[in-house]
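The same subunit A turns up in both complexes below, where it pairs with subunit B and then with subunit C.
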Partner chain A sequence: MYGQGIARGLLVTMKHIARSYMDDIRYAGRKYSGEGNFGARQGMQATGSYTVQYPDEKIAVPERFRFIPFLIVEDHDHPERPGHDWCTSCGICAKVCPPQCIWIVRGKNPQTGRPVPEPDAFYIDIDICMNCGYCSEFCPFDAIKMDHDYELASYDRTSAHIFDKQKLSKEMSHWKRIAPTTALEEMQARGGWEHKDILREKAKAERAAARARKSASKQSS
Partner chain B sequence: MDVVADKTQLDISASVELLRERWPDAISHDNRDGFSGIIVDPAQLDDVALAMRDELGFDYLSSVTGVDYLGVADHMEVVYHAYRTSGGPALVFKAQTGRDDPRVPSLVSVWPGADFQEREAYDLYGIHFEGHPDLRRILLWDGFDGHPLRKDWQEAYYEEEHKPFDSRWPGGQVYRAEEKNVFGKNVKYPDDFDLGRLNDVSESDLYQGLGLGVDVQALDSDGLRTDRLVVNLGPHHPSTHGVFRMVVTLDGETIASLDPVMGYLHRNHEKIGERNSFLHNLPFTDRLDYISSMSNNLGYALAVEQLLSQGARYSPPTYRAECLRVLMVELTRIVNHLWSLGFLLNDLGAFFTPMLYANNEREKILDFFEATAGSRLMCNYMRFAGVYRDIPERIRSVANLVNDKVRDYNTMDYLTEMVNERLPRFLDEYDTLLTRNEILRERTVGVGVLLPEDAIALSTCGPLLRASGVPYDVRRADPYSIYPELDFDIPIGKNGDIYDRFLVRFQEMRESVRILRQILPRLERSQGEEVMSKVAHTPRVPVGEAYGRVENPKGELGYYVVSEGDPKGPQNPWRYHVRAPSFINLTALGPMCVGHKVADVVTILGSIDIVLGETDR
Partner chain C sequence: MAQTDLRALQDTEFPVPEELQANIAITSLDKIYNWSRRSSMWPLLFGLACCAIEMIGTAASRFDFSRFGFEVMRGSPRQSDLMIVSGTVTKKMIVPIVRLYNQMPEPKYVLAMGACASGGGPFKEGYNVVSGVDKYLPVDVYVPGCPPTPQALLYGMITLQKKIDGQSLANLDDVPWYGVGPSEPTPVPVLGPDIIDPRQMELIREQAQQAALEAPFGARELPAWVNPTEVAQEATAVVETQEGAEDGVDPAKAARIRKREEAMARLAARRAAKGGQ
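For the complex of A and B:
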């Protein structure tokens, strides 16, 4: 019969309308509370619709979400190297950057003029950055990571959109907080929560100490 | 008859031998290292092409593109990839011409699908295709000076020949490109060009040949004085899905002719690609067809893998990596078709109900993409010989603020539930909502018909081609990844109208779900396998050419990549060409629209399913 298709389609629409109310009734009074409610209402079992009231509410982004890189520095309450850069200014991130938005001035020892493993300056032009994540993927020192903060609009792009080292630097604990699983995996690959170079030096010192102990025990015996 | 039937079954080398026997002087093998195919003398190109099409059965011209070998061999080259719609590999043939006055005969008379692609090569390389019916610029505006893809052409904000730029490290004092290179200083205009007269100059060519100013009386059949009217649909119009313009000549309300105008979003993706290193290009491919970035990645990765596999120290992607690739690509197909069907209905006036229902499901897939690849649209997930990372154990987010909404799902459960329950349930519901709807059928059945012969001749691809009844799908015709071991059907249409395209897309989603059901157990089985072999940030790509193609949701996406120079040094693709399905499918827009009402234009365009990021590149 002509018109049947439309009628059937309208039934589907009616069902959708009903569902959206059903869900609100099912979760009555628990919209803003209750562990896991949001996940259930946006998950595979969800039937109705649920509107997130941005910017009052936000959907937390998953761990691997990537937006504008940041530089990892040692925590400010670190006993030995508070606030020390993880970056060694090796320049790999600047080379793999597809739109070439990373600028690095390699650190130099003012006396000898020889390069030292830390950047003198580090800039990222966030207007140009395409959030591909290559810098963090290829960084051999886990020193540059992708951030979760996506609200970067400003009134003046010419002054506010070139991030310098100070603005880019964030503590290691920030990375542990926003990406716990990835941070843990990286720690396991490095062999400790410290910087790769520090770990290597520590291992070296330990070996030396072990040798010293060995020779000392030999002498004493 | 027997002889002819045999010839269309010949494999590539036998076909080439046959052609060489007939034209021993005009055809030679391409003997350069890493290159394949034949080089045809431009003088004989017409005849050879005709023989390829009519006798050997290469009825489908996939890609036409130019390459500028300045400094390598000092000639220009036009590269053609012709296929049989019955399947099989490409017959690659090339025509070489000097750089000063490059001229090659046009093949539009043999394969009408070459139309836009030859115009593009003319636009970007300045190669004259003799005999082309309408050789105008296509992506750039008519007053533009120069041909940007030539190797000696430098773009505005030019910095260096190749990335990475030396100014970034170790003495990287930041500056903005526009500070050093003020816009306007390095833009060249032709000598006789007057910016004030821009409109007259650039548009007169376009309006010529639209049948304007012709015999008014001849149109007047009932004694009524009528005139043809030119209407510009777009570039700023919601129904054009981007900045796209159609210059339509109307006879009353009927379309007399339609001329697509594009290039408003042109950024010379290919020139950027040649400045980039091989790895740099991957995230740029996301920005082509931004609805289905995963498949774009895959096409480029396949092309470069073809090159890499010629060299030493290359290990192909592991089985798990291949499974993940297919998983992502098929999810992308569903994403894309949900989007395109939703918007097709929007174009028809079913304002946003079907669109939002479809988007609701699309969001679920994008959530998975975001948790795995790190981004919803610009996934940048595929790598050479692998994928970025394995799927995470849990799709989980961490709250930063009090009001942050947090989710936590087991990824495999999420996928299993989506593939086995949610998507099939949704597709059934969507089917009830739309397929039998009388208004939809009234508006789409018999509208925008494309006959199978025309569809093949015009080099259309994807659902557009299959809706016309041509069962051509790259996944079957020229399989890649693990598609040969998967069980799926190629849905085709009968009439080639909009309704058939709708049905084909619908059926393709069901087939994708069927593929995904086969992928999930494979993922379980291959748990724990590496997904990425160690890839250096400067992969050493052997010299040669490769054409990687995939069945994108919108059609056949091809990447023609040429590697030149020393594989030991920093390397950039010498040529990086994208055979964009949306762009080439538009060749069929004009012929499909003629004779229909102006309101149908929007629907016909919607049924092609274009994305301007890819069309304009």
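For the complex of A and C:
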């Protein structure tokens, strides 16, 4: 029979329309309230298709999302060196950057004139940056990471879109917040600098294992 | 409730008598004018590279920029207010882009989307790529990203709307299109080693000087202030003289044409003076 294929194709469309209304009904009045309702509606569980009401509701970006790089500095409440750069101004990021948008000035001790392991200036032209993430891949000190902030449009290129060190620097806690899994993996791989965090995670895992053992022994006895 | 709303509008330099405060609201014409203008910014339908895919995604129903009044992409530059330069601008493509820009009716805006259109991106030193469309066109908003996500582009568009909201009919310095006289077209480049037309050198130099002075690109002279009563007298005089010569000519139109001719004459005089130097 002619037209079967069209009917079958349109059935898919109709299914999507019906499902978006079903989603509307399921989350009626509590789209934003409730634990993770909004995230669930945006995520894999959502079945319908609908418009993202952008400035009011934003799609949660995945953890591996990359936009403009930022420089990691120590947290302001770090006991030993608050606000200290992780960057040592080795210049590897500037060398690997495919569009060549990074400019580093190596730091110098004003008295002796010898280089110190921190940058005096660090510029990224975010209108040239192609968000490839090579800088963060190649950085041997995990000092440059890709940020998730994409709301960067402005009226002037030269004054607003050439980020200096102050604009680029963000605390380590920011990286832990936007990419918790990756940050933890990196910490474990580094092993040296965040003993506290690693110990806390280890203790947590051990406690969970102990609980599991206990409950298992209870069930068996 | 309506009363409190009105009072918010009465916060101006013009005092409103207390007994009239419930009935009178003072606001500027700019607000309603800019609101209507920014709520119907129709973009020009053209895409250059991978950013265009994101632009199409922004226009489609998932993100839907019609919600902000960008409404529908027009295929004709004569029906569009906004040019979204979405992608790599090659030296061959800059020629039609400038032509399209010149054909757009004022007020017109340009949004450079993505790294290539803003600053050349990875091709900034390429042999066949223009490193940033702002070398040739006045760009209003730069959206970084490679490519920007639909939400980043929407943010850029909202930024453009905020810019329009800040413009004023009274301050002609930041909006070049409310002056008198014809607007000067952006010089159209020609495909060649230098991408400029040497025959237009004088115009290009003039615009570069204006840009160096941070004057608006393609700005016109400001309309001279005239006494309204004198204009009224003149208008009646014009009507009287024209009634004898030609019947059925609209006096307002005649005055407008006269004003335009005067502006053209002043422009020609200014150019002549510059040429003399």
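The working rule: the second predicted complex is superposed on the first by the 158 of 221 C-alpha atoms of A that agree within 3 Å, B and C clash if a C-alpha of one lies under 4 Å from a C-alpha of the other, contacts with A are read in each partner's own complex, and residues count from 1 in each chain.
Definition applied: contacts are C-beta pairs under 8 Å (C-beta built on N, C-alpha and C of every residue); 3 or more make two chains touch, one makes a residue touch a chain.
Note that the structure is a prediction, hence the values are computed from the model and not measured.
Legend: residue contacts after superposition of the two complexes on their common chain; A:N131 is shown touching both subunit B and subunit C.
Look at A:G39: by the touch rule set out above, it reaches subunit B but stays clear of subunit C.
Looking at the shared chain after the overlay, A:V52 reaches both subunit B and subunit C. In the superposition on chain A, A:G29 makes contact with neither subunit B nor subunit C.
In the superposed pair of complexes, A:I68 makes contact with subunit C only, with no contact to subunit B.
In the superposition on chain A, no contact is made by A:P79 with either subunit B or subunit C.
Put subunit B and subunit C next to each other and count what each touches on subunit A; the higher total goes to B. Using the contact criterion defined above for the overlaid structures, shared-chain residue A:S154 touches subunit C, although it does not reach subunit B. In the overlay built on the shared chain, the residue A:G91 is in contact with subunit B alone; subunit C does not reach it. When the shared chain is aligned, no partner comes close enough to touch A:P110: not subunit B, not subunit C.
The residues of subunit A shared by its contacts with subunit B and with subunit C are 49, 52, 58-59, 98, 100, 125, 130-132.
Contacts from subunit A toward subunit B in the complex involve residues 2-6, 8-9, 11-13, 16, 36, 38-39, 42-45, 49, 52, 56-66, 89, 91-92, 94-98, 100, 102-106, 115, 121, 123, 125, 130-134, 137-138, 146, 148, 158, 162, 177-178, 180-181. Subunit C makes touch with subunit A in their complex at residues 61-64, 67, 115, 118-122, 124, 132, 134, 139-146, 148-149, 151-152, 154-156, 158-159, 163. Here subunit A touches subunit C in the complex through residues 49, 51-55, 58-59, 67-68, 98-100, 125-132, 150-157, 160-161, going by the rule given at the top. Residues of subunit B that touch subunit A in their complex: 159, 163-165, 167-174, 176, 276, 279-284, 353, 357, 360, 364, 367, 370-375, 378, 380, 388-389, 392-393, 395-401, 403-409, 414, 417-418, 421-422, 429, 432-441, 537-538.
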